Structures are given as structure tokens and as C-alpha cells.
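Note that the chains are named A, B, C and D in the order they appear, and that numbering of residues resets to 1 at the start of each chain.
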Amino acid sequence: MSAITPTTPVPGLFEIQAHNWKLAILVGLIVSVLSMFALPPEAAFWITGAMAAMVAAAFVVNAYRRHYYGGLLVAPAIAVLFVMNIFPLLWSLGLSFFAYQSNQQTIRFVGLTNYTKVLTDSLKAPENWANLTNTAMFVVLTVTAQMIVGFLLALMFAKQFPLRKYLLILVLTPMMLSVVAAGVFFSYYYDPTFGLLSYFIRLFTGEQFILMDNKAGAVAGIVFADAWMWSPFVMLLVLAGLVSVPKYLYEAAAIDRVSGWRRFWSITFPYIRGLLMLALLFRTIEAFKMADLVILLTKGGNGTMTISYHLIRIANEQNKTSEGAAISYVMLFIVIVLTNLYLYIANRRTEGA
Amino acid sequence: MSKATSIWEKLGFRKASGVSEAGWGQTLFAGIISLIYFLPVLLIIITSFKLQTEALSIPPKFMPTNLFGLIPDAYVFSPTLENYTSVFSRAMTSGGVAENTGFDRYFFNSIMIASVSVLLALVIGTLAAFGFSRYPLKGNDTYLFVILTTRMLPAIVVIIPIILMFRVTGLSGSYLGIIMLYTAFNLPFTIWMMKSFFDELSLDVEDAARLDGSSGLKVFFKICLPQVLAGLAATFVFGLILTWNEFLFALLLTGIDTRTVPVAMSQAVAGGGIGVLWGLLAAIETLFLIPVFFVTFFLQDHLLRGVTFGTVKR
Amino acid sequence: MTAKTKLQGLATAAGFALALFVGGATTASAEDVTLHMAVPDWPPTRIMKKYFDEQYKPPSGNKVILDVDFIPWPDFYTRVNASLTSGEKKYNMSVADSQWLGAFVEGGYFRKVNDYIEADPALAKTMADIHPSFYNAYSTYPYTSKNIYGFPQFPDVLVTYGRKDILCDAGEQAAFLAKFNSKLPCTGEEIDAMDWTAFENVGKFFQRKKGEMLAGKPLDDDFYGIAFQAGKGYDFSSMQINGFIWQEGGDIWDETKIPDGKAEGVVNSPQAIKGLAHYLSLIQYMPPVAKTGTMDIFKSDELFREGKVAMNIDWIGLGEASLDPKTSKVSDKLVFGLPPGTKGADGKLVRWNNLGGQPFVFTTWNSDLQNKEGMEFVKWWLSPAIQNQFAAGGGQSAVKSVYSDPKYVTYRPWNRAWAAALDWQKDVWHVPQFFELLTQQQDQFDLAITGKQDAKTTLDNVAKFQQDLLSTAGLIK
Amino acid sequence: MSTIELKQATKKYGDFVAARDVDLSVKKGEVVCLLGPSGCGKTTTLRMIAGLERITSGEVIVAGQRMNDLPPEKRDIAMVFQFYALYPALTVGENIAMPLHHEKISATEMKSRVDKVAEILHLGSVLNRLPGQVSEGEKQRVAVARAIVRDPNCFLFDEPLSRLDVELRHSMRGQIKQVLANLSKATVIVTHDQLEALTMADRIAIMKDGIIEQVGTPHEVFAKPANVFVGSFIGTPQMNLVEAKLSKFEKGKASINFNGQDIEITTNERVGKLNSPKITIGIRPRAFTAESKASNENIQAVAELIEPMGAETLVHARTKGGNDIRVVVPRENRVKVGEALHLRPDPAQTHVFGENGKAVRL
């Protein structure tokens, strides 16, 4: 805030000062990374922990000396995130440059080999690309379905009507379910012998209906279950946007004899665009991680294998930690590019409008 | 616009004025759609009152009563509460006596761990969001994006370092460990939501309060927080829903004393040398749904207001 | 918030953390020994824990506590694997699938226990009494070597579950005789004598539509003759397919022949392809869920318990649920027998099958005292008295003196097939690459089961993959 | 033909009556202001005309056509909203063009019409900005521009100037008046500011509690308030209203017991025919003449508070009977606090209201 003036000058990068947090980060990173390479994991852990504490201390001292309350306010969150999230992430990033299997106690630096392996190896790369393609398919299908269904549901609830509150909570319930229970019950609904889907279709065709014996059916089954669970999330965000449109704008539009289509794009849509973007962002991130429903419904059969499920097999079942880390960082790269693209488009639209 | 709040208004029969008013016709339409949408959940709830031998019957038994002979018997099941008692106490060996299943503990753990960690994330995240909003750093957006990035990777990738870290620090199997982890898990979303709320607030009042000599903390607690209560409620509900059903970390980092319901739930999926115990699984899920259902229901109004407040730029 | 309360808060938090830290560490004195054990949560382990608490008196006089972490089956591997490989060192003993031995032995997590067995002649004698099929699969690594790692917790084999009420119905019997010119198997002995052709005939014969007659009554739903595992998950097709391949005279990659054994030419030998093709040809007689690749051991069991199939091949471990009227619609109509075999050149049935069940093992970070007390516990567990009690309470025993006792067959209806089945058991690989081999193979089998490729392509793909992988690993020269 | 007519228009929300039996007619080219305190039903009345509220009973006739059941889109009415209701995502130019889309005209014509209106209202320089980026006064002009860009049946303004500061308000009043004069449409303006109403309106309708109290030209409502409420509502400083008792009426002069003091006021014949002696006397602050000594034709009071207002001075005085009255005296007339005043009301500007609050006039 402009009202707060720094009382301590900003130190140069290599000036040894208790509040020189830049130097602290630099030293901390170097020491931590070196210790991870050179020392047994336990020692490396404590050294990295100490380095994190040092950086944190430098931040706090810096903030305190400069009356920089922003830093003090942010510090606890950064500390928790660093210890519980960023540090393990960096650790696994480091592992992606080694040949390491978690069930064997040898480790060897191999540089970018893991990355070239997962991206170009004649046996592994095609499988990875196929899984990635499937994932992309699921991302597009589930997110589109969620956006459409969520949007339509929101339109339905945008008006005030009797009992609305009670009907709304019914629609919100699916996203509160545990994925395990939802997945298991959907496998029951889709079951050709016991399932309700088969039962109802049979009333018309007289034949048991096998949904998941082909790719289209299996994908449809998974997309349906996922969209069912998470459309309420989109609905909630869109609905919040819809109810936030001031009523007088619609009145003005009525007076101005604006057509329904134009009214939506000129008045309503600007209010929900930001929220739609947020929903799109979070749902896309989640869709990239889709594995649970696939495991519960098809085990990846009939062309439904996703990169995330593949990753679970690699990193968990087969303990190929480094290879898994490499795959996941390739994945992360794609997600970051994609989300930045979203954010870029969203910002450009906002500025352009 | 009658002044007194009648019982009808409390029940949601509020007459709103103006163009967005819709009547019972809309109720009927939305009711049908909502019920269809709710059907899979309803079937889970119905299953929770069925014995295992009736759970998979064809044609499906969906009525607990034959309504004085209106419904053919093929569709009628005999409702039982056995699944609900079995959640907490049942024989764990063939022919054995009923014993405690530990689910009372698991429910307690789930409620405790989820609520404490979401609240903690709310406290820490709100402070941070306020910091990010009022004391912008250079490259603020980058920091925020990095924070979001931590949610982008599948959890399985970071699990090995975290398990090791937990062992070294003795946090494995403790409440503290899993709570801290879930707190971190909730922070990105909390910070993103709360920052946008603070960004929306008008600075005039705060500046005035500062000029009057109020300290930063006082400004935060007395002026900013009350304005973002709806946002806090919305963030709490979202955080709760996401944390409530977390599975992988709970599986790997809790001990038998700190185990949460989603982990223990698999017991009914392929436990005990039987495939799925449909009634039992449904009963666990139904019980597990209740707390988060009611929290959401009671914070529903805030949920909508909160979300909007935070994200719509005008 | 004042500075004072903040400090108090910090102190409380620190104290809390310290208490957890101290509380988490094992407190072992000379008198108290705690054995932490990871087990899947199901009756055989619940019974073990119950017997231990009620009956076990350590001969050393120490106070021994068996601290059992019951983990739900579906997530058991994930939990144990993560605990072991992360170096958490939480468990002293663990139940494990026999196939996991290689990975965890090579990684240095499972302890070789030859020293303790050699030091204890009584224990050595007990070990010698375990049926060789189980001894080799559960205890030895490398497979059939002299190194001992595990002990049977719940030994298991595949058996045929049958519906007496349908199979023995006079009308059905007559119709079957007329159609196939052979007797519809009805008793346990007749089921024992079945080959795959007879099994296939049962499949053909009982595939009925809703409304058709079955055993004199009209069906209210479609009915099927046969079911067995054909699912993509874990090992839910390999365990059955291996049997078909062995019975045709084919083989899987044989780890006892390292490093000379090959994968290509063996795994996709004509006999193996014939075995797989035979397996695939039976899928059409099974309930339609098989076509989706999700017919796992639980699904076929569920279909059987719900009365949708006449015969099912499944593990004994799932049997209790069929006997219990609370979970089974056919609890009073059961008949059990050996799984079908293949007629050999001599006209006798070849009935190789893959064994199941789980051993339990010791981990490498245990103290000597923990290991000693653990061995005493093993000795007690494998003692005939406890094994008999276990078998009577719903377990199975791999100990010869126990299962050859005439009263063994009275414990459970499937026990009549137990002793006869044991000599025909082999096991899948135990090498550290087990999971890679298994997932690739399961994926390929799934493609075949769901009709996307034929038996030959499938096994060619499997053989090529195994040849590559195992050559790289140095297991094939 | 641009006219508006309300016949017995009534709006009820449950038991609450927002507007009751409103009768109002606005001729072509006439500007009528609906004036009243907040919550009096004036905005409801406006919205009934626009079709934003469904009328409960009565009739709305616009341009000679009964419009009770038509939605706003079908009424062809232009309206300026209190908070302008500009579309936040559209530029000023797009906002102004919005009503034209309905007319299906060519893009060039649309542009020329927007430009023309923008020129009239001095908006040419901000056409490409978003509403959030222009000043309050510009927003207001955009709202007006959006209304006048088309050729509607009539114009409605809902508190058009309430959000502007005093100076801007003053200049906008003139501008709007000028614009409206050129359009010659029936126009209704809702306001709570009497100055706005008095300056802009051809006629003023004063409302209270959902009822129109009086309709008349600005002069009429000032000079001849129909009742106590109108008298008190119109005019600054407010009219003095004192409850009194009519003791007798002779020869055009009424003897009135003015809270302990008897005075005689010349008044009209109707006063003598009143049934009840309880009346209210209304005298505007500027209608007093200060006399040098007490008589039975003036009111005795003591000055208590002096407020100079520039050209004039406002004196708060207290009568013998304890009533506070406001008196405006010329600046030269230096009144001191505590000074005794003898105030003679101008009979022509003294209003007598009967017990029912209605003015007693011939």
C-alpha cells in the first residue's frame, strides 16, 4: 500500500543481511538440491526443512523491518503450502531426472532420459500418447457436458419460484457423494443383468442392454457419471452469475425491445463469463486427473485408459517413480499451457469488450 | 411485500416482484428435472434400506410399501434398518458375534479432520488473500498461479515424498499430519476465492478507518471480514465438499485410529470375501452424506451470494 | 489476539506435536513386544486376530501384542506398497500376495527367515508339513529355491460352484442327455469328472431367455449356464487363463528357468494359443457383463449368488458368502467340485490351475526379539490345533496333517475338492517385474475377451513385451 | 398520437396497496411530474405505465390503446431508469444503439441516429467507452440518449437526476427540458425533488400513500394546494400549518382561535359554512407582514432563531400559544433573537383547511 513506506533499504542480492530473502532463497535452493543429490533422503529432508525455515525467517524479518504487513499476512499460507505441497513437488521434480524405482534402493542420475523415454520410446511413447489422447477426449467431453448441463440447470433455477431452495439442494447433492460410492453404484446402474439402464431399455427392446462393451458406450458411461457428479459445480457458479445480474437491466432491455438472443449475449453473458471461466479452469484441471471413475467403471478397458490411471499404475503398482514423475511433469506442462491459454483468452476478452 | 415473515415465506414461497418471478408451473418443471437428476442418489438411499438379497432384484424393488395394493409386489421391498446398525456393529467373521466396526470412530475422524482443516485453511488463506489483495507484490499473478499449480498434479506423484516426510516427522497416522495436509490442499482454492472477494471491496471505508487511527488488524477484523462473510461461507462449503471425500491421502497417511470414512467405505465394496455389500455401502454413503448435505443446505443462500460477490467484475 | 495468547497457542501446538511424535514411536521393552501387522480386512484375518487375542500364550513369557491394521481389500496393495517403499517402516509383518514376493524381497523389505527356521527344529518340521504347491508359492523366492520368506495365511484354490436344484432337476437331466448324449453333472463327483467340453455344454444348455422354462418354472430373467473370471482388473483373467494354457500343455514364462527360459515361442506357443482360444470360446455362454471386461471374481460370484448362473468357477475365499442366506439366494442349493480339466493323451484329466490365497511375511527392520516372537506366533498359527480351528471357522489349511484328517471335509462343502486340487496347483511369476508383466498381459487379455483381437495376436503381443522387458532386466539371456 | 391515460389504476402487493385508483392523463407534448415522498407509489405508477408492473385493476391507455396486458416490449415506450440501467458490457455507443435493433434498420442509419443523439447530448467523445469508464453526468446523458434515440409513444423518467450533484442537476434540468420540448411527446417524470418538478413540468401530480393528492400546473399546486399535504410538501421553506378553531364568521372575516390568541382573517364564504370548527390554517412563510404593534389581525410571536438566507432572512418564531412558525422577512428587516413580532398574514395567501384536511375554497 502506498501509505506504507519502506524504512529499510532493499539489500543487494549478495549482501548478507537477515532480511535478504532473495539470497536466502538462492542459498536454500542450492543447498537443498545438492543435499537431495548427495545425501540419504532423511538427511536431505532435514537440511531442506532447515533451508525452508531459513527462507521463511528471512521473509518474516524482511517484512517486519520494512513494516511490510503483506508479507507477514501471506507467510503462514506460503509456509504451509511450501512444506506440504511445493516441497514434495520439487522433490518429485528432482526424482524425474534420476533412474529410481521406489521399491529398489538404488538411485542414479540420468538427466533427461526419463523424459525422452516417455515421449519418444518406441514401446512406451505410443501408449502414453494414446492415453493422453483419451484423456483429451474425456476432458473435452466431460467439461463440455458439464458446462452445458450445468448451464441449463442454472437457467432453470435462475427464477424465483416456490420450493426452489429444496429442489436446488437435490441437484447439488451428486457432487457431495464419494467417488467410490458413486462409481460403484453407476457400475450397478449400467450392469446388463442387474442394472436399471438395461432394465428400462429392455422394456422396449426385450433384450438385455450392454452399455460398456464398446468404446462409445464405455466413454458415454464414464462421461455421463462424471458430468452428473460435477455439473452441479458448474451450475452453482453459473447460477451465482445469473442471480447477480441486476433486475433493472432486464427491465431496461424489455423497454428497449431487445430480442432474447441479444439480451443474453449483451447483458447476461458478461455477468457469467468470469464464472464460466473459473468453472472451466477448475473442471479442466480436475478432468485431466480423471482416474477414479475409469478404474471403477471400466478398469481402462474399451479404449478408456487415461493418462492419470496409467500414471497410477506406473508410479504406484509398478513403483517406477521416476518415469511416473516424468509423465506427470509432461502432464503438468500441458495443463499449465492450457490454463494459461484460458486465462489469456479470458483476459483479452475482458479488455477487448 | 407483506411485512411479517410468514411460515410460507420461510418455506420458500416467497413472492418476488418483477420479471424474474415464476410460479408453480416452474416449480413443477424444475421439480421433475430435479427429481430425475437426484434419482441416482435416491436409489442409493433406497438401497440402504434393502437387504443384500433384495438389492439387485430384477425388476428393481423401489417401493418400501405396496401402497394398499397399488404397487405390484415385484416392485416392493421390505425396508430394514439392518444396514444402518451394520455400519457400526456387525459380525466380522463368519458365524462370529457382532463387534464394533470402528465406523463411529471413522465418522468422528472425518468430521473432525475435514472441519478443522477447512477452517484452518480459511483462517490462513483469508489472511494471505488479504495480504495479496491489499499489499500487492511485484508479479502477484505469478505467485497466485504457482499456488494454483499445486492443485494440477495428480496426488499420486507427490505421495512418496509426503509419506517419507510424515515418517521422519512422526506425523504419520496422526491427526495433525492429515489436517495440515488437507489445509495445504484447500489453501489454493481458498486464497483464489477470498482474494477476489477482497478485491471487490471498496477501499474508501478502510482508508477512512486507517485515517481514524485504526490498526491494520482492526481494519481487517472490523471492516473487511464482515463484508466477506458470504464469501467465507461459500469457500467453506466448497472446501468441505472437496475435502470430505478425499481418498488417496487419507488411505496412505492415516492409521487405523485416524482413518476416515471414504477409506473405510471400501470395506463394503469388496471386503469380507464378498463383492459389493450394496445395502451396507448405501447406508454408509447415506450417513456420510448427511452432514455435508445440511451444511450446504443451511449455507445455501451465502453460497450463491458469496460466489458472485467474489468473481464478477464490474 | 495478544502476543501472550499467541505464544500459548504455539506452546500448545508444539506440545501436541511432540506428544504425537513420542506416541508414534514404538515402545519396546524386554517384556513387551508389539508386532505391527498389515492385513486385508476380511474374515480369515479377523479370525486370526481373534484367536491370537483369545488363545495365544507366548512361551517366552513376554507380553506380545499383535497390533493389526485392517485395511480394506481394494486398497490393500496401494497402502502396503506405499508404506514399504516410502521407508515408513511401520509394519513388522504383512499379508502379501505370493506374486509380490520378488518385488519386495529384491527391494529389501521382506526378510529371509531361514536362520530362524533352522534354529527351531519344531518350526522346520511344521514347514515341511506344508503342501509343496503352497510352500513353493508362498515361502520361496526365487520360486522353488531354498530361501524362505512367507507362511500361509489363507491358502486358496479355484473350485466349481454348482446349483444342485437346477443341475439335478429330472427334466433338465433328461433334456441334457437327449441333447448331448451325456449326463448333466449333478453331484460333486460328477462335477469333479467334468472336462471343459462338458462345462461348455452346460453353458450352451442353460443359456435361457426370460420367460423360458428352467427346472420346471418360467424364468423372470435371463439365465446363463456358466461363469468364470474374465475381468481386466488386477489378475482377474490371468488366474483362469493360466490354467487353460497349462492344461493344453502350454506354459507361461517360467521363472525357474532363468536365464535360459524364453518368453517368445513359449508364451505364444501353439498349445498356449489353443488354451487361450478355448477360454475365449466359452465367454459367449456367460452373462453379458463378461463382454465389458468387468467380469471379475466378485462379479461372477455375485451373479452366482443372485441365481443367474448354474455354474461358476471361483476362489474358495469367496465361498462363505454363498453359504450365508443373508447374502445368497442359493445358499441351500449348493454343490462343489473341482474345476474342469482337459483330457490328456492318456484319457486322464489334466487339471492344472493357478493357486490363490495369501502368505504373510516379516519385514527387514524388525528387532531380533520381534522376529523371535513372530516365529513363535507362526509356529502356533501353523499348529494343527489352530489350523483345524481356523478351517472349521471358515479358513483353509495348507498343512498336510490338517487337511488329510477325515474331519477336514466336514468343515465346509468345498473341502471335498481341496486335497485333490492341491497337487494340480502352479503359480504365476514372483519376479520383481510381476506388476509390469501382469498389467500388460491383463490389458491384452481384455482386448481378446472384449472381442477386439484373437488369441494368437494377443499372446504374440504378450510374448514380445515379456521378451523385451525380461531381456532388459537380464532375466532372459 | 402520443398520450398517456391512467384510469383508476391500482397496484396491490398482497394486502399492501402501492397505488390506488390513480387517474392521470398526459397530453401530447405535455410533461407531467409525479412528485411525492419516497414510498408514495410514484415509481409504481410509472412502472405500471411502462408495463414493468402488472396493473391490479383499472386501465392503462397509451397512444389511445389499452395496454393493461401488454408486456413492456409491445408498448413502445422509452424510459430512463433511476440508476440509468446502462448495459455494463457494452460501450456507450452500443448502449445507445440497443433500442434500434428492434427497428431492423441498416447499420449506417443506426450509426447516424446514434451520432445525432450523441451530438445533442454531447456524448460524441465517449461513444467507445464502457459505462464504467465515464462520469456520472455522462452516464445520465447516455441513459437519456438511449431513450430519445427512438421514436416511442411516450417517455418515462424515473428520478433521472437523483444521482447527480447540485450543479450538474441544475444544468441537466435545462438540457432535458429543452430536449423534451423538441420531441413533443407525452412524458412522465418521477421525482421527489419539488424544484425539479416545478421547473420541468407542465403539470405536477402530487402523490402520497399511493393516492394522487392533486394534479395541477406548478403555479396551481403552489398557489392553491388542494389539501394540507400538498400545502406542506410544495414550497420552501415549508408552509406554516397551525391547528386552530373557528369561533365565528362574519362579513367575510373569520375569527379564529389561534392557540390561545384570537385573530381575524379575511377569507372566503365557504369557511363560514364549515360543519366543524376544527380547522388548519396554512400560511406561507413569505406571506407575513411585520407590523409595529399587536392587533387582532396579527399574530404575536417571539423570534427564537435567525437564519440568514442571503436576500432574505428566515426567522423561527414561537407564538404565544407555543406554535413554532417560520417567517421569511427581507434582508433589511433586522430581526433579533427575543424580539417580539406582530405578524400579519396576507389574507390572499392564507389557506384554510377543513377538519378533513381539504382546502376550503370557493
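Structure notes:
By definition in this document, a contact is a pair of C-beta atoms (placed from the backbone, for glycine too) under 8 Å apart; a residue touches a chain by one contact, two chains touch by 3 or more.
Since this is a predicted model, take the numbers as computed values, not measurements.
Steps from chain C to chain D, minimised over paths through touching chains, total 2. The chain with its CA mean position farthest from that of chain A is D.
Closest to the protein's overall CA centre, chain by chain, comes B. When C-beta pairs in contact are tallied for every pair of chains, the largest tally goes to A-B.
Separating the CA-averaged centres of chain B and chain D is a span of 55 Å.
Each chain gets one centre point, the mean of its Cα atoms, and the points for chain B and chain C are 38 Å apart. With each centre defined as the average position of its C-alpha atoms, the distance from chain A to chain D rounds to 60 Å.
Looking at chain B, residues 18-19, 56, 58, 159-160, 164, 265-266, 269, 276 sit in touch with two or more other chains. Contact of a single residue of chain A with at least two other chains is seen at positions 41, 102, 193-194, 251, 254, 316.
Shared contact sites, meaning residues of chain C that touch two or more other chains, fall at 78, 82, 85-87, 221, 306. Residues 246, 248-249, 251-259, 262, 266-267, 269-270, 353 of chain A are the ones touching chain D in the complex. Touching chain A in their complex are the following residues of chain B: 11-14, 16, 18-24, 26-27, 29-31, 33-35, 37-38, 40-41, 43-44, 47, 56, 58-60, 124-125, 127-128, 130-132, 134-137, 145-154, 156-162, 164-165, 168, 180-181, 183-185, 187-188, 191, 210, 216, 241, 244-245, 247, 261-262, 265-266, 269, 276, 278, 281-282, 284-285, 288-289, 292-293, 296-297, 300, 303-309, 311-313. Taken in their complex, chain D has these residues touching chain A: 50-52, 71-73, 76-79, 81, 83, 85, 87-90, 94, 98-99, 101-102, 130, 146. Residues of chain B that touch chain C in their complex: 51-53, 56, 58, 92-96, 159-160, 163-164, 166-167, 169-177, 251-252, 255-256, 263-267, 269-277.
Across the complex, chain A meets chain C through its residues 41, 102-105, 123, 187, 191-194, 208, 210-213, 218, 297-302, 313, 316-319.
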